[in-house]
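Below, chain A partners chain B and then partners chain C, in two separate complexes.
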Partner chain A sequence: MPACTRVRWAVVSATSVALMATGCGGGGGSGSGPSDASKTFTYQSSEPQNPLQPANANETGGGRIVQNLFKGLADYDPSNGKLRMQAADKIDSSDAQTYNVTLKSGWTFHDGTAVTAKSFVDAWNWAANTKNNQINSSWFADIQGYSDVHPSSGNPTTDTMSGLTVQDDTHFTIKLNNKVSYFPYKLGYVAFSPLPEGFYKDPAGYGQKPVGNGPYQFVSWDHNSQVVTKTFANYQGVDKPKNGGVVFKMYTTAEAAYADLQSNNLDVMDQVPPSALANYKNDLGDRAIDAPQGAIQNVGFTLYQPDWQGADKAKVRQGLSMAIDRNTITKTVLQGSRAPASAWVAEGVEGYKAGTCGDFCTYNVDKAKQLIQEGGGVPGNSLKITYNADGGHKEWVDAVCNSIRQATGVNCAGDPKTDFKTARAAITGHQINGMFRTGWVQDYPLNANFLADVYRTGAASNDTGYSSPEFDKLASEADQAASIQDTATGYQKAEEQLANDMPAIPLWYYRTNSGYSTKVQNVAFDSFGNPAWTQVEVKS
Partner chain B sequence: MGHYILRRVLQMIPVFFGATLLIFLMVYSLPGDPIAAMFGDKAADPATVANLKHQYYLDQPLWKQYLHYMNNILHLDFGTSFTGRPVSEIMKDAFPVTIRLALVAFFFEIVIGLPLGLIAGLKRGSIADTLVLLITLIVISIPVFVLGYIAQTVFAINLGWVTATVQDSRDITQLILPGLVLASLSLAYVARLTRTSIGENLRADYMRTAVAKGLPRRTVIGRHLLRNSLIPVVTFLGTDLGALMGGAIVTEGIFNIAGVGNVLYRAINQKEGPTVVGIVTVLVIVYLVASLVVDLLYAVLDPRIRYA
Partner chain C sequence: MPDLIEKNVPAQGAAGSAEPKPEKPRSLGLDAWHDLRKRPVFIISAALIVLLVAFAIAPSLFTSVDPRAGDLQHHYLTKPNYLHFFQADWFGYDGQGRSIYARMIYGARASVVVGICVTAGVTVLGGLAGMAAGYYGGWVDTVISRVTDMFFGIPLLLGALVVLNAFTTRTVWSVVFALVALGWTQMTRVMRGSVITVKQSDFVTAARALGAGTGRIMFKHILPNAIAPVIVVATIALGGYIATEATLSFLGIGLQDPTISWGIDINSAQKVIRTAPFALFFPAGMLSVTVLAFIMLGDAVRDALDPKLR
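Let's look at the complex of A and B:
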């Protein structure tokens, strides 16, 4: 290994291709070998920010732990992102509004109690209830009666949603407010997990010591240090663990985790630090991972400001999009950690269609100038891109601005806000005028998630204030489609409307840049940026 | 002496209130809404936000929040973090780790810094002196994070002598490398301070008297020279212990130690008021007590100093 590191330093200073080529590939003994299903592996994580309750885990630190401790009706196949049944035997509907759920039998929680229809219905009612302060409570908003347990203000009038009915131990029905053809896709989200009876006696204490029904069961939570899990022997899911458990090790910096990975003290990384992006493939050889992620980076426009309204301004926005040299920026500034975007939906997602943005996402200086001129120019001939300074965005924001300035002569500058929460407050409070950094990480791998949740009129995360009757019409048509396939095609049509209006400029798709130690094998990442946990094998 | 201590302890009370008020104001004047930030890129649900704000007492005017917080503190209740853990429990986990790290660093400062300063001070102008000056100059001029990463790369990744980060913060042997890195800067100061102080005292009258009396060299240096020269060093070490407790954020980050610095950094990022105010309040008290102990130590080292 010392020789490797010396090469690494040389690459840093010289950035020489020849040195990279002669660098130490292989990374040392990573061939496949026999594995031991009783051994655990460690994963780079961060201290959960909320109690470990399924509907309260929306950040990655707690989210990935809860995902492993719980398993809902369905989840997404890590290899292709398609929906697959887990606790549910089938979820069917004739009208996309009433869903009949049939559970598999034999599923139990880690404490031995059975997973029944009631375990799901009670858990959802509890999570949706305003009184219980669950961060993901809005996930249940599609279900009939949600507004009774979660009124926009004041106390709930009842404890149960009228849309949920238990038939017997293995059957229940879900009635929705409107037709949502892709509702089963939402059910793969961890907020829809079941909860055991014991939970309701002490939800807070349970959040520190959760009992779930997933492939792994909770062993201990050593705060700020690690969360230990072990394989649940009676797990009935289709993805039986090939290892003995996952130990989530808390790191405050990715640099520390990377140092541990290199010295085999950490088995699987979440994401390599930016400082290692240039060399990690060299350092790790075939243990390096570079996989697509279901996440996109955009810059949005403040369409709610008079400066950006009117049909002409759409041309200006299209022109600005063409003035951004995505290929060069992703290769140089972002060191290949992103892939240029050609649509508003991320790669690898069900319904993804490359090139929806078409020429508007292709760098073309002449066309960019022409479109901006036709549209009457950028107001004041100057632009600001608001972003949060704590997220490592400065480099690419400056690069995008440079690209725009050089191509079109429009003055462009970054407008950094101290941190994420300050930037969010400025964006949602409509206190800015111009462009802002925005992005979307999939909740579920379906194009509807990237479109309906962000661009529909009045959608909760519609930060641009975009409102297009055509888009809304196409989106609701897609919602009423008979199958997931038709929904995806319907949303592809809606997405085409975005190219005409350009409410936000798609920049690039995220990628998972990660790696693993010599102690594990068969590590593959899904589009959520998570490894296929249960498939990781620990060498014996 | 007893009166002096009592007076000093009483003085701590206004300092305590002033410090907590300032920190409280600073944390709450940080921009951004911590509750809305819990929802990430997604829009925050207004009903849940209102409820959570009520739960954490954030819907009250600032002065009411402060009174509420102080009232709780007087009942030894430091509040709860957003994870639902009592802040007192968080501190109970983090402080022992940091104390251990600080003591390891403190140990190196004394065991390495003092002898280096002593040798250099006694043999001024010699090769040893020049070497000490050079080494300490280098250490002082290199930022601690550079030193930390170099130590990590060399000793852990290249040589494999230690693990790259601390695997178990309770194991003191794992804290040796981070302790050395943390100590490096103060260690250099201690060496230089001792060197100067010894150099000055070597020329003092009482030293000439002691030598003229024909006392053995060991007694001259140990009893007379060292004891008198240590007064400025002890002042430095005392305040440094306070600084080591709270100022190890960088070192704790590099070596992934679950100590106070780490917890504080995370809490500030999340604008988790109760955790930040609680930890900093305790740090203020540690600092006050450390400086009291230093003042008392003066009297031990220098009999001429009397407290009344």
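Let's look at the complex of A and C:
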């Protein structure tokens, strides 16, 4: 703890003895002391892009605030990512297509009105409607009748989705277009939140002064400065707040936030700036956070190009994967902000199984050379990794290329595109031939999200053009499984198929590198990279 | 004006006085050379440039290390060992575990090639345009001058960013192309002014009276007498082109891997400046020294070529 040694030199003066006692006593911040449940804490945030409506926040700035003000049927347990019931008492289904929702009683909005089945159904219908222009409206696409309220062009023919039926105040049913066994997992997303009656009279005004049903209620929004919330006394959820509220302080740079954290002007950080990665664990001691995040970095292959088709080429891809020294690169170039990957699903996600990639994700120069040779070599013995130059990817792309070149003699080089948009256009427009940077950040912490949405034939995010009848078959079987547990296991089987075909090389998992001030304790981060807000304790 | 005024410098030099020789008439160029080789600024800058060109032509003479070979496991940001002269770890290793010394040597090639080719390109292109504008005058001058004005309105760096963005893979030659396409106007202006002055000289009238053709007057009589200011401007600008290339590479829009450029290295080093300042210092220092050498050379050449400054 360098902070302690620094103070020790000034120990002669009485004031600095006091400083030392507060700054270093009890081992920094981890020592649990008495806490005061009425005190608020500050969190590093950014100005929300859109009004604070639950289905209109897919950026982190607004998303974080909204998910504290609203609470849906279910959410994810911050400690293990598993689905847990909140406003719903139970969500059950006999055929994975029609879901019966039973609500708990006693839930109210911050304005005192009751949360009923109608609050949910009306809110979902409103959010899915094209007219209301909500960013996350596509989340409702599984529900029957979505195409009526959200046609791909033109005006909606109706205002309600036929799949949603209110039975009584505490019961409603959801009918889906297809069987989706993990649909309840999607319901944990904040877009599925309920809205109070008053919302529909003035949606824009509510976006500035939201009234929700979550653990915190809105107090004030001082634009570009802060959003203040306080604990909602009548919150019925399983995660009752242990603090008095959250103040979201807007920062434009992570460096400024980090400086504030070190001087105790900020309580909990989002993510330490890259410039502090090398030192933050020394700076913060045991107040530093290093937790897994539900996100993975891959390099994909352009399987749609003739160069990469044919069964032999899978061997070449496996060989290239073995030529990447993940351990060293994550430790050096990435400064420990990532963890080496051994599967296609990120760590800490329901259904994550380490080692699915097996030996193919282990650095082995001899085996790499042998596999590439057996597969007929890399076309032209040269390889390009296309990436966007504006995302800080250059260092690791160069390192991966160096690793491949030195291990196998394949002439690998990075191919930077000016920005994310240009790179995505080149990738989705099939204008490249070789490898490209890709990755996946979880929408919900279930392995199906990492697999079905990326590797299934024709999936929206299937950038590689991978099409495996075997994988597709296993994925649809998993979709129709009886329980989420079975779905997760089914997808694990499908994931094994990826090791045979290697459409994309898993590189590493993201990690949350953060920290907190000496004023708070019990800070833990979930797989979305968010702290478990309600569990944060403010020292008295 | 060497064709007319032949300087008869009395041979008073220490070596010359011992054995008086019939003094050969000296041209302006020869005169300038005699003047130059006595100047320390010229000697230093010339020596630096010779060294740089040697780096560019035969980098393997100076280091046997592959500048692209990185060993992250053992050499990630390893500190320099200043006593290991000319060895891989002399200046330490960068964030990819590559020898900074080797990259410094190999980086000279891109800079020197860009500098020399762009200067040659702008001198030829701009010189010809300027000569045509100055010699013919009239509508030719008007057209060329207006085009020059238009190009002058585009900032070199901004224009190069736009042009280079159009290339999917950028090599030394695309950077040369962009800089020549945007930089030739500077030379046009200098050449035009110089040609207009020389055109009015008596020897041009004399040559014309003797029946010399346009081509002969332009290239035999006017060009040798009008080229001096262009050479001076070009030499000074050369350093600027090298700096521009490094700037473009630094911004990620200039040279690309596998080409080795100091600009790229400076860019990657700035992210680790807190832990490894040496990774930034050496490529940046090398760039400064190179630019300085060319600017100093340009200054010395200008002093030597301009009789008024003697």
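As a convention for this text, the second predicted complex is superposed on the first by the 510 of 540 C-alpha atoms of A that agree within 3 Å, B and C clash if a C-alpha of one lies under 4 Å from a C-alpha of the other, contacts with A are read in each partner's own complex, and residues count from 1 in each chain.
The working rule: contacts are C-beta pairs under 8 Å (C-beta built on N, C-alpha and C of every residue); 3 or more make two chains touch, one makes a residue touch a chain.
Quick caveat: nothing in here was measured; it's all calculated off a predicted structure.
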Partner chain in contact with A:418 - chain B first, chain C second, else both or neither: both
Partner chain(s) touched by A:166 [first = chain B, second = chain C, both, neither]: neither
Touched partner set for A:532, first chain B, second chain C, both or neither: neither
Which of chain B and chain C A:398 touches, first, second, both or neither: second
Contacts of A:114 with chain B and chain C, given as first, second, both or neither: neither
Contacts of A:262 with chain B and chain C, given as first, second, both or neither: first
First, second, both or neither for A:204, with chain B first and chain C second: first
Partner touching more residues of chain A, whether chain B or chain C: B
Partner chain(s) touched by A:51 [first = chain B, second = chain C, both, neither]: first
Touching both chain B and chain C, residues of chain A: 418
Chain A residues within the chain C interface of the complex: 274-275, 278-279, 325, 328-329, 332-333, 389, 394-395, 398-399, 401-403, 405-406, 411, 413-416, 418
Chain B residues touching chain A - in the complex, by the definition given at the top: 31-34, 36-43, 45-48, 50-52, 55, 82-85, 90, 93-94, 149, 152-153, 156-160, 163-165, 167-169, 252-256, 258, 262-263, 265-266, 269-271
Chain A-touching residues of chain C, taken from the complex the two chains share: 68-70, 72-73, 76-77, 95-98, 165, 169, 252-253, 256-258, 268, 271, 274-275
List of chain A residues in touch with chain B within their complex: 1-2, 5, 47-51, 58-59, 130-131, 133-135, 137-138, 150-153, 204, 207-208, 223-225, 250-253, 255-257, 259-260, 262-263, 265, 390, 417-422, 424-425, 428, 438-441, 460-461
